[in-house]
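Below: a set of structures, written as structure tokens.
Look at the two complexes coming up: chain A is in both, with chain B in one and chain C in the other.
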Partner chain A sequence: MSIEVQYRNRAKELLSNGEVKLVVGYTGGTTPERRRPVFISSAEQVDRLVLDDLCIANLSGYLVTESLLSDEKSVAVFLRPEGIRSINILAAENQLNPDQIVIFGFEPAGNTIKALDGTNALEFSEFVVSLSENPSVSDSDPVIEKLEKMSAQERFSFWQDEFSKCIKCYACRQACPMCYCRRCIVDCNQPQWINTSPHTLGNFEWNIIRAFHLAGRCVECGNCDRACPVNIPLRLINRRMAVEARESFDHFAGLSMTQEPVLASFKKDDSETFIL
Partner chain B sequence: MPKILSADKLDNCIERWKSSGNTVIGPVRKSNISAYRPVEKASEFELDIVLPDLSIKELFFPQTEPILKYAIRKQAIDTTEFLPPSGKRIVFGARPCDASGVAIDDPLFGWDYRDEYWFQRRNETVIVSIACVKADDFCMCTSLNLAPDSTMGSDILLRPINGGKGWLVEEITDRGRDAFASIADLLQESTESPVPPAAVPEKFNLEACVEWLKNPENFESRFWKEISVRCIGCASCTYLCPTCHCFDIQDEGDTYSGIRRKNWDSCSFALFTMHTSGHNPRSTQSARWRQRIMHKFNYFPGKFSLNKCSGCGRCSRQCPVDMGITETLQEISKLLP
Partner chain C sequence: MAKIGVFICHCGENIAGKVDTSRLAAALGDHPGVSVSVEYKYFCSDPGQESVKKAIRENHLTGVVVAACSPRMHEATFRKACAEAGLNPYLCEIANIREHCSWVHSDGDMATDKAIDITRSMVEKVKRNNMLQPIEVPVTRRAMVIGGGIAGIQAALDIASAGQEVVLVEREPSLGGHMAQLSETFPTLDCSQCIMTPRMVEAAQHPNIRLLTYAEVEHVDGYIGNFKVRVRMKSRFVHMDKCTGCGDCYLKCPVKKIPSEFDCGLGKRTAIYTPFAQSVPNNPVIDKTNCIYFKNGKCKLCQKACAADAIDFEMQDEFLELEVGAIVVATGFQVQNTAMYGEYGYGKYADVITGLQFERLASASGPTAGKILRPSDQKEPEHIVFIQCAGSRDPSKGVRYCSKICCMYTAKHAMLYAHKVQGGKTSIFYMDIRAGGKGYDEFTRRAIEEDEASYLRGRVSKVWEENGKLMVRGVDTLLGRPVEIAADMVVLATAMVAQPGAKEFAKTIGIGYDEYGFYNEAHLKLRPVESSTAGIFLAGTCQSPKDIPDSVAQASASASKVLALFSKDRLEREPVIASCNEATCAGCWGCVLACPYNAIEKKDILDRSGRVIKQVASVNPGLCQGCGTCVTFCRSNSIDLAGFTEKQIFAEVMGL
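Take a look at the complex of A and B:
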């Protein structure tokens, strides 16, 4: 039985016996290569669910939609490994109760996908630990190597070119499961902390602030990078931040539901190389 | 006899236009994004694309623009206005949906207040469009009563001739005629026939959708929630749209001096309608998506007799969750008897 059929059946079962009120999954999109999020709330609709290697988006952000979980009912969601890590972070940051989330896990396997065992975030604990022990393949991304070899000045002008394209559409933020703040710092306007203008300075402020707010919290799901309509390679920033969090603080974002946020916790032996 | 502009004369045209004080602008790919940018020579153009990623809008309505400088003194406030920048421009290789997008916004910017920032640029810019010979799955100009070779908003319309050798010239406005008079000797007479415009299938019945939108009973329809439940509320669709015109005024500086700017804004954002009290009349994403559709196909046409959409498809092409105007209007079509 294909994993798609297997998960459709499970969705049908959970919806008919009332164990979940909603299934957040994927369905076909405008073109054959596109998949889009879909919200299934009755057993009759489960055939709309599609699951294959084109299902890439991290859907966990929808779980923190205002008041979705406030009735204490459960919601099922299709998640890749990064999505499962985001559930851990959202739970650690008290944004959701993980007991309300039923996970339909899957991971890429060559050109296809395979199902992951488990339904509750806790059951994925060992799996997530194993992820943290296998450094991601993109460690050897050629663009990253090129960037690392640049002088600070060259790197600055690389990012200047990139950020000058930003139109402040905030698609990166809206697509990011970790950007759940009801009022983002750029939307706080009494006073206005961050320039809202999409000029190069304002764009630097925005992108750097967002990078800092995501440091040690980003699971590198790529939602932001794919959402950016002007193709700013946000994944490079995310990668750099993840490497930094790991090397300086031995921190792997979303390792567990009790993990402390790296920039908001203090250990006596924390590296202090950046303090003058 | 019809005139053609041959592709190998394009550099001479650019030179000629520049020497008479024009900035020449056209689709250029830089840092992995295509947009209308100034060029020095023809080889910088990227013309063999469906359409640029960013619309033509920013040439007339930049994403951020200083309008005023202020300094607060003890007894008075000094202000200096920034005038709209002046300078003749020729936009070469605009897409018909971008040119019409600009024309759609003309009545808006000239309505109760005449926006000189817009009109100064409009008056000093010649738009030379190239009819589309290829389209993608998202193009939908034909559903908006426009076409891959519509002339709305264009000063000149060029129709590609076989083999990419050049374009057949169609003069639309006096402004276009003047710009092409200066290169008249570079044009050739020809009997070649143009490549037929791209076939863009009609995606929905606009008139019927508009009737549905106008019916006040449908304002509170469940449809709005269902269609927009996956919308994440970014501004990708509005900022890429050639016709979305909303802006915000921001003062940047310290307590005593600063610069007042006009920045793009979007009805997709919750903050767009947030009142000082904290009340938000469009408190849900579905109310915001409804506004976008209603504004484009009900309110704006009601006021200016124009649809606020040229069918470029960018809103659907780039939406992070594969939504867009097309899907919504197609779904509305399904609700109709």
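Take a look at the complex of A and C:
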């Protein structure tokens, strides 16, 4: 039995016996190679669920939709390993109760996918620890290698070119499961720290602030990168910040539901090279 | 409409010598919203302050900027002046054009341009300042003194004698610290224990002092006037309420050869022990690592010997949560381990000892009952070589600073030796004789002139053993020739260093420390007994090397600071505190974790039927210290700091 059928059956079972009120999953998209999110709330609709290696979006962001979980009923969600880490962060940051989340986990295996054991985020603890021990740098990006070799000045002009394309649509923010603030800092206008108009200064301000807000929180699911309509390689920034968090503070985002945010916590052995 | 007054201070030549103050005044006079822009030689002077007040009244100013020295210097002065003229003091700001400008630049024109920028940006800030009212917090009139050496005891006694409660915490089983280990004390040669033990007893019996020995401070929360301290009462395995201090237990203890810490390893003690005969309290403790019962489950001889049934092997550590208003830190020092001087042979030759070990040999309560005997063969030494600065003033191997007491105690050692061993010869290698203090120089002269100590100015290069003698090779720089002495004993005047855990402990209680681990005073000259944390004071050698008179003086000084704090019921605090916008807070608790003062709490937002809709951060104004860490962390910009609001800071930046 394929995973798709397995999970359809599970979804049907959970929805019929009322264990979950909603299943957040994937269905066919506008073209054959695309998948889009689908929200299934009755057992009759489970056949709409599709699961294959084209399902790449991190769906955890939908779980923090305002008042979705406030009735204390459970929701099932299809998650890749990054998505499970997102659940850990959202739980650590008090944005959801992990006991309300039923996880349909899967991970890529060659050209196909395989199911992950477990349903509650806690059951994936060991799995997530194993992820942290083998960070997936294997899919090395030629652009990253190119960037690493650049001088600071060259890198600056590289980003200046990339950011010049930004149209301030904030699709990256909307797609990101970590951007759950009711009011984003870019929406503050008293004072207006970040210029809203899409010129160089404002674009730098937005993207740098975004990088800092995601430092130690980004699980590199790629939602922002895929969402960007002008193809700014946002994954490169996220990767850089993830490497910084790991190298400076031995921090792997989403390691557990009790993990402290790297920029808000202080450990006595933190490197303090910036303090004289 | 803003009416800002700008007052530009010359600070004599300090500012006006570099910055063109007339150009500055003219530039600010043209700045939008500025009604008054004047300069004066010294605005902090009485007529200077009067002119500020007059300008406020006459021009109905809505804000004041004083372009002068650092706000650390005179912010309070000018805010007070503004308040006296009827302006809310928090509508007054200082533009620092001295430390940040005139003192650090050489080009006058550019410095003036910068001064204009600094002052303008402050004007922009003041336009957005709000009137703030001081916060009042209650004061818990109970002090904690950490450390039961002479400094801690003195501070505790002074505070207690003034009628305030004191909790005195000592981590060792007995009060006394290093002073209890000393033999006689310079410059009067009175017996250390004879003057120390009565003070220890007085502290233990004082009705206002609660004595906690064998106890360690684990955690400090709160702020001036309202500290919460967690103290670990280490298990003594002896019930103090039952123990009579008879000593039967340690007479029976079969483990008798543990090197005594109190005797610096020269004497031995048992596994159940009191550190010394005059210990206060006189109740023993069981040293778990050496006790046979704790090692293999058999023995309990002490329990059988105890008529009072005071010994309890099941005893566990207990924790006390104490509320205190002020803390005096008197955690003392350690003697530096001299093993880094391989050439002096400390640790290799039994008769090379430290100054503190010599104190134990010379002490009547010591392992030799006050006789100066060589540790190796218990013979009386005929010739002792003292090596001063064995660690101090040595940047390459030891510490850079002078330990301050070694010149004096070495002279004292020479004197004690001369008094106890007739005909004994003393040679002292020294770098300088530092004997500043009442009666100190006379004391060292006495050691040289009456007790015939031979002082050799120079360093020792090597000590080795030959035919039962310790050969000391050094140089006498005054005669310009090498010296070789066959000695029976070598005493190293080792450096005073901070306690091994001093830095960790400073972090626990939240005070600053220097590169060596000594605790930082708020101002070396003008606030020498205050730490940088309000309500925490320093006494004794935890701050820097000191002798007994200095430690006692500093202890009394910190006691007087504590008493001044306790003289009021309530304390006024700056209203510079954070507040949270509950509408936009996402409740991620980043600020709760980031806050170093535990001042942010979680608050439930309820709907009409009492159901929790969401949780948000809420700042406790009593605990908040206004550091702003939460503000920088908050991703949704939901926390703001009064006096330094985002609007103010933004205006300040844009004013540049």
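Following the convention adopted for this analysis, the second predicted complex is superposed on the first by the 270 of 276 C-alpha atoms of A that agree within 3 Å, B and C clash if a C-alpha of one lies under 4 Å from a C-alpha of the other, contacts with A are read in each partner's own complex, and residues count from 1 in each chain.
One rule holds for everything that comes next: a residue touches a chain if its C-beta (ideal position, glycine included) is under 8 Å from a C-beta of that chain, and two chains touch if they have at least 3 such contacts.
Treat the numbers as computed from the prediction; the structure is a model and nothing was measured.
Colleague: Sticking to the clash and touch definitions up top, decide whether chain B and chain C on chain A clash or fit.
Modeller: Aligned on chain A, chain C fits beside chain B.
Colleague: Would you sort A:230 into first (chain B), second (chain C), both or neither based on which partner it touches?
Modeller: In the superposition, A:230 contacts chain B only.
Colleague: For A:112, decide between first (touching chain B), second (touching chain C), both and neither.
Modeller: Once the two structures are laid over each other on A, A:112 reaches no partner at all.
Colleague: Between chain B (first) and chain C (second), which does A:70 come into contact with in this model arrangement: first, second, both, or neither?
Modeller: In the superposed model, A:70 contacts chain C only, not chain B.
Colleague: With the two complexes superposed on chain A, say which partner A:261 touches: chain B (first), chain C (second), both, or neither.
Modeller: In the superposed model, A:261 contacts chain C only, not chain B.
Colleague: Would you sort A:41 into first (chain B), second (chain C), both or neither based on which partner it touches?
Modeller: neither
Colleague: According to the stated criteria, A:213 is in contact with first (chain B), second (chain C), both, or neither; which is it?
Modeller: Once the two structures are laid over each other on A, A:213 reaches chain C alone.
Colleague: Please name the chain, chain B or chain C, that touches the greater number of residues in chain A.
Modeller: It is B that touches the greater number of chain A residues.
Colleague: In the superposed arrangement, does A:97 touch chain B (first), chain C (second), both or neither?
Modeller: After superposing on A, A:97 lies clear of both chain B and chain C.
Colleague: Answer with first, second, both or neither: which of chain B and chain C does A:9 touch in the superposed model?
Modeller: A:9 sits against neither chain B nor chain C.
Colleague: For the overlay on chain A, what angle lies at chain A between chain B and chain C, C-alpha centres, nearest 10°?
Modeller: Nearest-10 rounding gives 120 degrees.
Colleague: Now for A:157: first (chain B), second (chain C), both, or neither, which partner does it touch?
Modeller: The answer is neither, since A:157 touches no partner chain.
Colleague: Using only C-alpha atoms, work out how near chain B sits to chain C after the chain A superposition, in angstrom.
Modeller: Superposed on chain A, the two chains' closest C-alpha atoms are separated by 5 Å.
Colleague: If I apply the document's touch criterion, which positions on chain A are contacted by chain B in one structure and by chain C in the other?
Modeller: Overlap of chain B and chain C footprints on chain A: empty.
Colleague: Across the complex, what residues on chain A touch chain C?
Modeller: Checking each residue of chain A against chain C gives 70, 93-95, 180-185, 188, 190-191, 193, 213, 260-261, 263-266, 268.
Colleague: In the complex, go through chain C and note every residue touching chain A.
Modeller: Listed in rising order, the residues are 504, 507, 583-584, 586-591, 593-594, 596, 613, 615, 633, 635-638, 646-647, 650-651.
Colleague: Would you tell me which residues of chain B are touching chain A in their complex?
Modeller: These residues of chain B touch chain A: 31-33, 53-54, 63-64, 137-138, 229-230, 232-236, 238-240, 248, 250, 252, 261, 263-264, 266, 269, 271, 316, 318, 320-324, 326-327.
Colleague: Which part of chain A faces chain B closely enough to touch in the complex?
Modeller: Result: residues 29-31, 34-39, 57, 61-62, 161-162, 165, 167-171, 173-175, 187, 192, 195-199, 202, 223, 226-227, 229-231 of chain A touch chain B.
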